Amino acid sequence: MSATTTGTTSPEPLSPTTGEPVSEVARRNRLGIWLIIVSCTTGTVALLVAYAYLWSLNVSGGWAPTAGQANWADDWPFWAIALGMVVATLLLWRSWRVMQSGKSGASVALAGLASLIFLVCFIGQIMQIATFPFGPQDGAYASATLWLALANCIWLSLAMFLATAVMNRARVGRIAPDNASQIQFIAMFATYLCIAALLGAVFTLTMKASPNQSSPAFGTFQS
Amino acid sequence: MSTVDERTPEAEEPESPTNRPPGMHLATRWMERPYARRIILLTVIISAVIIALTFVMVAFMNLSGGPASDIQGEIEKTMYVLTFTSAPLMGFTLAILTYSWWGGWGKVKGPEEPTEEGPAIRTNGVAVVAWITVCSLLAAFLVIWGLVELATITASSYGSVPANQQPNAAKAIDINVTGQQWVWSFQYPDQGKITSSELVVPINVPLYFNVTSLDVVHSFWVVEAGVKIDANPGAITNTGFTPNKLGTFNIRCAELCGLHHAYMETNLRVVTQEQFDSWVREMGGAKTS
Amino acid sequence: MSATAVIHEQKHVPQPRQVGKPGGFLHRTNFTTAVISGIVLAAIFYFITGAIVQKVTGGGQQNNLSLPDGLQQQITMMYIGWIIGFMAGIGAFAGPIRWMLGHDLTHADAEYMAGKDMGRKKFWKYTTDHKVVGIQYLIVALILFGLGGLLAMLIRTELGVTWAEVFNPNFYNSLIGTHGIVMIIAMIIAVTGPLGNFIVPIMCGARDMAFPRLNALSLWLLVAAIPPLVSNLLMGGIRDGWTVYQPLADQAPVGMIGYQITIIVFAFSTGIASVNLITTVVTMRARGMTWSRVPIFVYGVVGSSIMGLIWFPMFQYSQILALSDRVLQTSFYTPASGGSVWLYENLFWLLGHPEVYVIVIPATAALLEIMPVFLRKPLFSYKLAIAGIFGIVGLSAVVWVHHMYMTGWAPSSNYPFMMSTEMISIPFSFLLLVMLGTMWRGKPWMKLPMMAVYAVIWNKVIGGITGVYLSDTPVDQYMHGSMFVVAHFHFMLMGAGLFGAMGAIAYWFPKMTNRYLDELVASIGFWTAFVGFQITFFAMFVAGLQGMPRRVLQFDQAFNMANWISTVGAYVIGIGMLIFLYAMITSWRSGKLAPGNPWGAHTLEAQTETPVPHENFPVLPVVTSDPYDFGVPDPYEMLDDAELEANEGVSKVGAS
């Protein structure tokens, strides 16, 4: 980027769009990402609240999946997917560090690997949803778990896009050692996604049978 | 204005400056300003109007024959207290509004920009502190009053304590209320499980309601008794009251529940114990305990 | 990469390779292409989903609404197709794709997208300039207000005709729900949309918003979200009020899907707009504009954006889960199979209450901005105003349960939530003191924006005192779900929010349209609406006190008189609003040309010329004082000081 700086007074590279120093643009983008994470957190909290609240109420005895026909979901896929996401996120952070130290080739490779792992997680997530031992209509646990997985699926598709974009932008030189913070922003967002996925895994692991087994039967006054 | 003239020399007496606290001196000086007394007068008038309006409001609430229970009595008492507490502040606000609007401090009309500027009052420590203190104290009073009242009406409506654990459990009548689109039905489990579409109860006997719904959310509102609780599908909610007035009152649904929500209403008939017993027999149920 | 562009007259900045013409794909897109591609994709999604559902279920799927098989899924996918198609057709996806490919915007691209030298065409395109977006928001808000107002007239007609049913119950309930949600959306965007986008960046001394493309995105998402909402009236309607409590909403016809899709998309739109506004204010203020020199309106918009940003996803997810109940047969809100109605109510009101402040705060802050100008006095206790705004923002998170006092959800939670609800009157009292203190001893310049201040304070006093009743659980036990509540929140949302927005729009109208608002006609409209408003809602208070439930179609004869009066008042509001609208339209077309600073304000937006140039300021301004440095030394203070000096005894004690 520093090939022609005729007429440029600032030693820092300037944004071609607005003419501001890239650090100025980065400061703005960082705040934007933080705000988006705050907003997304509320969404995640909404899903987790739905899960925990329905678990604690067990309305009409409808929390547990219908016995015989359906069952609790396996725990390990949640953790496996979350683990994959954590690894990919760490790769993104590493990619940022490597880019900062000037090795853009290695950075591209790391981002590409992260994108690949996100893809694997995405496929895994779809397989998990397809093989749940219950359908969406099998009670409140089924609903809440399905949506934790579906939300993760949507996040993963976004993460794939972002990681691929980072890789490509680094490859064509739009992300350079003196302008590396874009990778950091993507890594920040990916970190949030990991936390959301891990919380989902913790919730599905720890909250299975409802603590309330004496809920009134629907439409009657007997429990 | 003559009163102002009487006070002025007193405040400026050089012999005894220490006899009067400086705050009093400042307050007296403030009162001499031409607008001060007018605003205070306006405040008093407007507050009085607001307080008078409360009586009209409560009269409207009682238009259909209430209060039919202690709870509604408490609610109306609380309305007075809330108004009396907030009336001075509201009166003061509206007094300033009126005074400024009527041009007490002058006003600029016409399309030309005003030429003179107002006093550069950036802030006023005394006013800010006094205002925050007064508002916080009033709010605190309202909170405390509200908490006490809530505890009171919760006690008289039995709150969430099951009927058989109530102090006067032996006397209380349990009634199971079911809302469904778009009727109420009342079941008397202790009176031989008779079911009625009208709520018939004896006077001065505590009532305890279990409320649920068969389809969507309804809200069980006994208007003149001041009792309201949602009827939720898949859950049982509780409330209660002791009717203290004979007559026929309204029960309405207070939560939009579909097409004929407007028609989901029935009557509360408060009768004497003898009439109630004979009504129970007519309905084919057993006599009360 | 040897090409450079000259930016802001002095900087030569190296440019990436220009791909195609400046603007690229966006040359081909406009509103028409968006509508066409939206309709096409909606149709494609509709038929493909129909085929898939047929294939999967074999035509044997049962539902309790006696709807054709798969219609729910088809309608849902149709709306999703509309949204995606519309956004693709307007060019919203060009940005992310270019970003991914590394084709970053050149300066020429950015100027094309900001609509430089484009004329009127830019209002129909994915234009990034915040001034264009502001005008677009204003138009959208006016359209929504027109629609919502028309529905309000129909509702009042039904309630005024006490002797017959004018509409069938299904249509009447749909009217209520659609009026509610259309007005809520219109009010949410009424101030932060037009004024937040147009005025705030200029007030901060920025050349544009922080994320210009997100700005266009939030506007066009909003536009895309409106047709599903409006079309519900043709598809059985949302007959469950604007709160669409579950599981009642589950019984509703497919029109409900329109509501749900609209809310989901609108939540994205609001979230994006909030991120944009907050980032702009935090990072792009002019040099010298410290936090103690930021105009109070900017604080108001930021406070409102913070609440929208944090709480809107709750509403969004409540609707996502509701849609899932409908389309995937999950059971989040179906009590018979484990769902809970209280879950819905909690998720809904977690946004539902802060949203009231999202509406009221910016309107109030706009009036705080107006008052110093028309009184030629500094804002009284600027810091107290900031404390008030952020006090409300903070407390707004912990009051939602007061909408649920009577649900039986958790009776013991009524105690703490009654406490927090009554506490919120304290930060509101801060704002009230700031208004009164600014008014104190000021000589008001009686123009329409200043008159709106008086109107709004009056309405707020009424809304506030009735709010005190409703915040108190015992009294709410009588009032909840009655017409009293309806009258109360109209006093807050319409009385404080809409009348405040009218004042704010009257104030900034010259800046936005280069022309004065016709003072006489607009004032006649404003006061007619105000008088009608008082008649309508005082009568409604009476109906509520008498025990009339809300959202009813027919009622006891005892309520007739109150409802007749209320209906007459509503028509008066309608006439007043039409007059105001007429004043706006005629002034916009042929009003008197306005100078750059028509009111003598000290804020930055008044210092740039009108019409506002392409990047707002030829040279970025530097701020040296706060915008409220009006006024002359207080004569009373000087008098007191002189006296204190003369009288030494008092002076000594007084100084301590």
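Lettered A, B and C in written order, each chain numbered from 1.
Note that a contact is a pair of C-beta atoms (placed from the backbone, for glycine too) under 8 Å apart; a residue touches a chain by one contact, two chains touch by 3 or more.
Quick caveat: nothing in here was measured; it's all calculated off a predicted structure.
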Dominant interface by contact count, named by its two chains: B-C
Most central chain, judged by mean C-alpha position against the global CA mean: C
Subunit A and subunit B, separation of their C-alpha mean positions in angstrom: 48
Mean-CA-position distance for subunit C and subunit B (Å): 30
Residues of subunit A engaged with two or more neighbouring chains: 59-60, 218
Residue numbers of subunit B (touch at least two other chains): 233-235
Residue numbers of subunit C (touch at least two other chains): 335-336, 339-340, 342
Residue numbers on subunit C that touch subunit A, as the complex places them: 1-2, 4-5, 7-8, 11-16, 96, 99-102, 104-107, 109-110, 207, 210-211, 271, 274-276, 278-279, 282-284, 309-314, 316-318, 320-321, 324-325, 328-332, 335-340, 342-343, 346-347, 350
Residues of subunit A defined as touching subunit B within the complex: 59-60, 215-216, 218-221
Interfacial residue positions of subunit C with respect to subunit B in the complex: 169-170, 173, 176, 239-241, 245, 247-248, 251, 335-336, 339-342, 375-378, 380-384, 406-408, 411-412, 414-415, 418-419, 422-423, 425-426, 429-430, 432-433, 436-437, 439-446, 454, 457-458, 461, 464-465, 468-469, 471-475, 477-478, 480-482, 519, 541-542, 545-547, 549-556, 558, 599-600, 630-637, 640, 647, 649-650, 653-654
Of subunit B, residues touching subunit C in the complex: 12, 14, 17-18, 21-22, 25-26, 29, 33, 35, 50, 57, 60-61, 63-64, 71-72, 74-75, 78-79, 82-83, 86, 89-90, 92-94, 96-97, 100-101, 105-109, 111, 113-114, 116-124, 127-128, 131-132, 135-136, 139, 142-143, 146-147, 149-150, 152-154, 159-160, 211, 215-217, 219, 221, 223-224, 226-230, 232-235, 237-239, 250, 252-263
Subunit A contact footprint on subunit B (complex, rising order): 176, 178, 189, 210, 212-214, 233-236
